[in-house]
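Below you'll find a set of structures to go through.
Two complexes follow with chain A in common, the first pairing it with chain B and the second with chain C.
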Partner chain A sequence: MSTSDSEEDSYNERTALVASEIPSVPSYQQDPDQPQPADMEPRRRTVAPEPAAEPPSLDRSAVEREPVDLEEEEELPLKYGAKHVIMLFVPVTLCMVVVVATIKSVSFYTEKNGQQLIYTPFTEDTDTVGERLLNSVLNTIIMISVIVVMTIFLVVLYKYRCYKFIHGWLILSSLMMLFWFSFMYLGEVFKTYNLAMDYPTVAMIIWNFGVVGMICIHWKGPLQLQQAYLIAISALMALVFIKYLPEWSAWVILGAISVYDLVAVLCPKGPLRMLVETAQERNEPIFPALIYSSAMIWMVGMANPARHAEPTNQDTGSSDEEAHRSEGSALARDWVEPETQVSSGMNRSYSTEDDLDEEDRGVKLGLGDFIFYSVLVGKAAATGGDWNTTLACFVAILIVSVAVRKTKCWRRK
Partner chain B sequence: MNLERLPNEEKLTLCRKYYLGKLQMYVCVWGFAFLPFLWLVNVVWFFKEAFVKPTYTEQLQIKTYVKRSGLGLLLWVAVLTTWITIFQHFRAEWGEVGDYLSFTIPLGIP
Partner chain C sequence: MTASVFFGCTFIAFGPAIALFLFTIARDPLRVIFLIAGAFFWLCSLLLSSLVWFITVQISNKESSSQQKGLLIFGVVLSVLLQETCRFGYYKLLKKANEGLLMLSAEETMPISIRQLAYVSGLGFGFMSGAFSMVNILADSVGPGTIGIHGDSQHYFLSSAFMTMAIVLLHMFWGVVFFDSCEKQHWWSLAVVVISHLLVSCLTFQNPQYVGSLVPTYIIVFLLGLWAFFCSGGSLRNLKLCLTCKDKDFLLANHRPR
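For the complex of A and B:
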């Protein structure tokens, strides 16, 4: 089956998401730059309600970062690292559970009927092991090059402010996910459980699911619903990968992707890093459809007066505008990298202000990571017959992700 | 009412309520496009705001929207339930029409 943008996009999402783990120093830094009447300490610590109108500069942030107390530095990762990691465990686990449950029950996703994605043209039905290995490696090379090209394309578009194009692309791919893939999924589930279903009802279900999903992800919606939708589309994407990637290619690709992630995210010239840095420089949130955030400062029901005081000051116009601005700035503020001491500092300062702040200090994780982990666990569940393999994979992923985060955290110090 | 004279907190709450009303209006209107799920989201999301929180000026508007969404939702639920029951019951008897309407046909059951 020839997949569409969504495949590439999902990989872009995936890779773009890893970028979310880059410490977003600048956007945090601007908050302490807000003029505060108090002295240096609280000034550094206090998160001003709104980031300044002018975009923060990377230089300032570097300077600001230094004077945090040593004690606090040591304390913070311990206090906040665990909490944030746990906040991410739940959605990742949910996604994996959905994927594994589907794999185990709906046989469609484990049937190999010889169809492959156009990105993995080499077949694995070869005569010798050597050939098979060679084909997997070739498939991987093709897949990774596609990903690299698409990522660079995305970064270039972003740098040259072709926002319309990017938004259109994202909307198209989320449309595809929400309508087409969920239609297929629903069909397969009904077939598995041998239920009769008629077209009008299915049309209603898919229509509702899709439209509310689009609204929640790209516009406004209750936070939990948005999270649920993001988990759902990650699971759908993971299922598609599990079905259409041949066995050995899948594992080699997974390995190669991790390496690519590290390179793209940590290298100074890596595309993902550039993407995140550009977003921070411009003080803009990264595209909504790509990031899972565990807390969003949303005016409806969760508004924190201290945060929104500034937009209300400056904008007496339409409330929509305010909501957008506060959302934008809130997202920029929320761009927490729990690994960094800076963000930890921010966290702490928030907690001194308001209880709500601490819970609102969400973490963000790229959807790509969700898909990645789910594909891993799903493949394990599909290949290995029993639950031990699956559970072992699951535990390994959790441990590794915790370890990676902690390492980044300590490294940043 | 002069917005500059209000303290921050009040401004916030005011704009929040205004915003809620607008958001709700959009959601309600859109729900007419065969989207009972949207109405459900509206009801659940704004239920606390409308009925549990202490009264404020714009709350009345929010309440009306929640009620309207609730009504629309109930109506749709009734329609859908009726249709699904009819379809499941009479699918076999309808013969060709039944098959034409079917998205999935169970195997082994007439």
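For the complex of A and C:
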């Protein structure tokens, strides 16, 4: 077929470097022209969907969906796994960019005035290195125990169906994030750039920002706006952590949190695993609020009267943020597995959009993961003035997060 | 200075690379992942070489400048060798992964060919290498200051930008030629790649005589570009067909049915 000289790759649609059409992704939005969240999507959608390109791929996927379950899944998961990974790269990158940009420009978040969170009571202004190390380890132990206690508390609440309590808790947290923390942030940005501002204007700005945020997160809203708010909230939380966690404690905590996440999710008696299993038994989604979703939101816009736990969205209040963070992250990681199961067509109880391909259900990532990664990169940016460190951390985080997710997927499978 | 220098240097250094990324890689998530993985492997090589560098500098005599210069040369050579080693390691990893996928997959062809991988991984290496070279300079160029006010060359930022562009393109060409020669077991061309990398890096010792380092580097870029072009299946005939829009494969592949 090819007139080119190479045997190895004939130039066809697959191997073309400059891509041809890709079958368009049917989207949730009423307005089909609305750009998709990922950077790649707008480019795909600007190319008019081709009837010639579509049927072959749809036919192929239809044919492949037939009984032979094992073989068919290998190619598609690779492609859609890659697509999902990219759909996560973009928001994670955005969050990190916001955090790094703030750290580098607004000096408030790198000033240490001796204030610390109550969860890290031991100071790091000690005389010897050994004492400092000891203090940071103690801080870590306290922080992790707080997280564990909160997580168990949340699991207990969930088990005994205290949905109203959880709902209220989450609303309170997001209120604090959206109003107070963003007010502080705005104030610091104004101070940095020496912009004059009056209180009525600020009140108006913050009021609008906060209210729209609450609505988007806890109720219905455009997908992209919701994603933007989730990213903004994660960035704000990460900035708070970067400011108030002392240096060494921050790094030890980051390490300990990773270990805790792995343990809590993969261990049979882990609280997060119990939470996920309970939710699966009851056939309910778990706190979609704590989770960033890159595609169709299950609860948003879906009138689903059978549910008690209505959009218990968004979280990350400061006092319980650790609990939510860790749940969110672990939940989200756990959520990948139900996702892949769903996409194998085994359990379609959550699919409220049956017309979408399984692959387009999108992917979810816990907000805790956003915060975790952003704190890592932000700390790297704050600690050294060097941009190389920040860049290196960024690339390493992307690769390691992909590797961790893939490993977990395969282990579960 | 400031904004114009910043933007100018950024676009000089990263313009071609970003254009390549946007037009050929950005649409395909798999390629993006392999690009970032390539950048990660370059980072690994840098980590290793910087560890060695750090240790040797600590145990060396900090006063003697000739020893420090010797150490620098040693560092550069070691870094180049480690980069090429990591490129080889990445190649092996990709081969293994591709074979594994091919075995499991129902399709007969791999979702991404080894040539595309060569290009993408080379570009990944180039991106990271260029970023590490240039980013701190760019950050400094935004702020107030005068380049070379103490008697150093005034062309530092600009020549760094040009050097970075050359390095990015070179990494891409090296990637293509490297993978191709590994596939065909042409070890001599592998050696030429490594030697050219060493040559380019050692040419930079001529700085601040930037002419001495930039001109030969660009000659090497051009030559390697040609070599990579022919390695990846290009030929004068292909080029002619492409430029006159008569390439049937290309047209068929991008056929847009009306």
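We take it that the second predicted complex is superposed on the first by the 278 of 413 C-alpha atoms of A that agree within 3 Å, B and C clash if a C-alpha of one lies under 4 Å from a C-alpha of the other, contacts with A are read in each partner's own complex, and residues count from 1 in each chain.
Following the convention adopted for this analysis, contacts are C-beta pairs under 8 Å (C-beta built on N, C-alpha and C of every residue); 3 or more make two chains touch, one makes a residue touch a chain.
Since we're looking at a predicted model, the values are computed, not measured.
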| request: Kindly classify A:402 by the partners it touches after superposition: chain B alone (first), chain C alone (second), both, or neither? | output: second
| Which partner does A:212 reach: the first (chain B), the second (chain C), both, or neither? | first
| query | Which partner does A:222 reach: the first (chain B), the second (chain C), both, or neither? | reply | first
| chain C versus chain B, contacts on chain A by residue | C
| query | Touching A:124 in the superposition: chain B (first), chain C (second), both, neither? | reply | neither
| message | For A:83 in the superposed arrangement: first (chain B), second (chain C), both or neither? | response | second
| query | Is A:261 in contact with chain B, with chain C, with both, or with neither (first, second, both, neither)? | reply | neither
| said: Is A:191 touching anything from chain B or chain C once the two structures are fitted on A? First, second, both or neither. | reply: first
| said: Contact-wise, after the overlay, does A:202 reach chain B, chain C, both or neither (first, second, both, neither)? | reply: first
| Thinking of the overlay built on chain A, is A:391 touched by chain B (first), by chain C (second), by both, or by neither? | second
| request: For chain A, give the residues common to its interface with chain B and its interface with chain C. | output: none
| note | Interface with chain C, chain A side, in the complex: residues 2-6, 8-22, 39-40, 43-44, 50-53, 64, 71-72, 74-75, 78-79, 82-83, 85-86, 89, 386-388, 391-392, 395-396, 398-399, 402
| field | chain C - residues contacting chain A, complex | value | 23-24, 26-30, 32-33, 36-37, 39-40, 43, 101, 104-107, 109, 111, 113-116, 119, 128, 131-132, 135-136, 139, 232-233, 235, 238, 247-250, 252-257
| For chain B, which residues are in contact with chain A within the complex? | 3-4, 8-9, 11-13, 15-16, 18-20, 22-23, 30, 33-38, 41, 44-46, 48-49, 80, 83-84, 87-88, 91, 101-109
| List of chain A residues in touch with chain B within their complex | 187, 190-191, 194-202, 204, 207-209, 211-212, 215, 220-222, 225, 299-301, 303, 305, 308-309, 312-313, 316, 319-320, 322-323
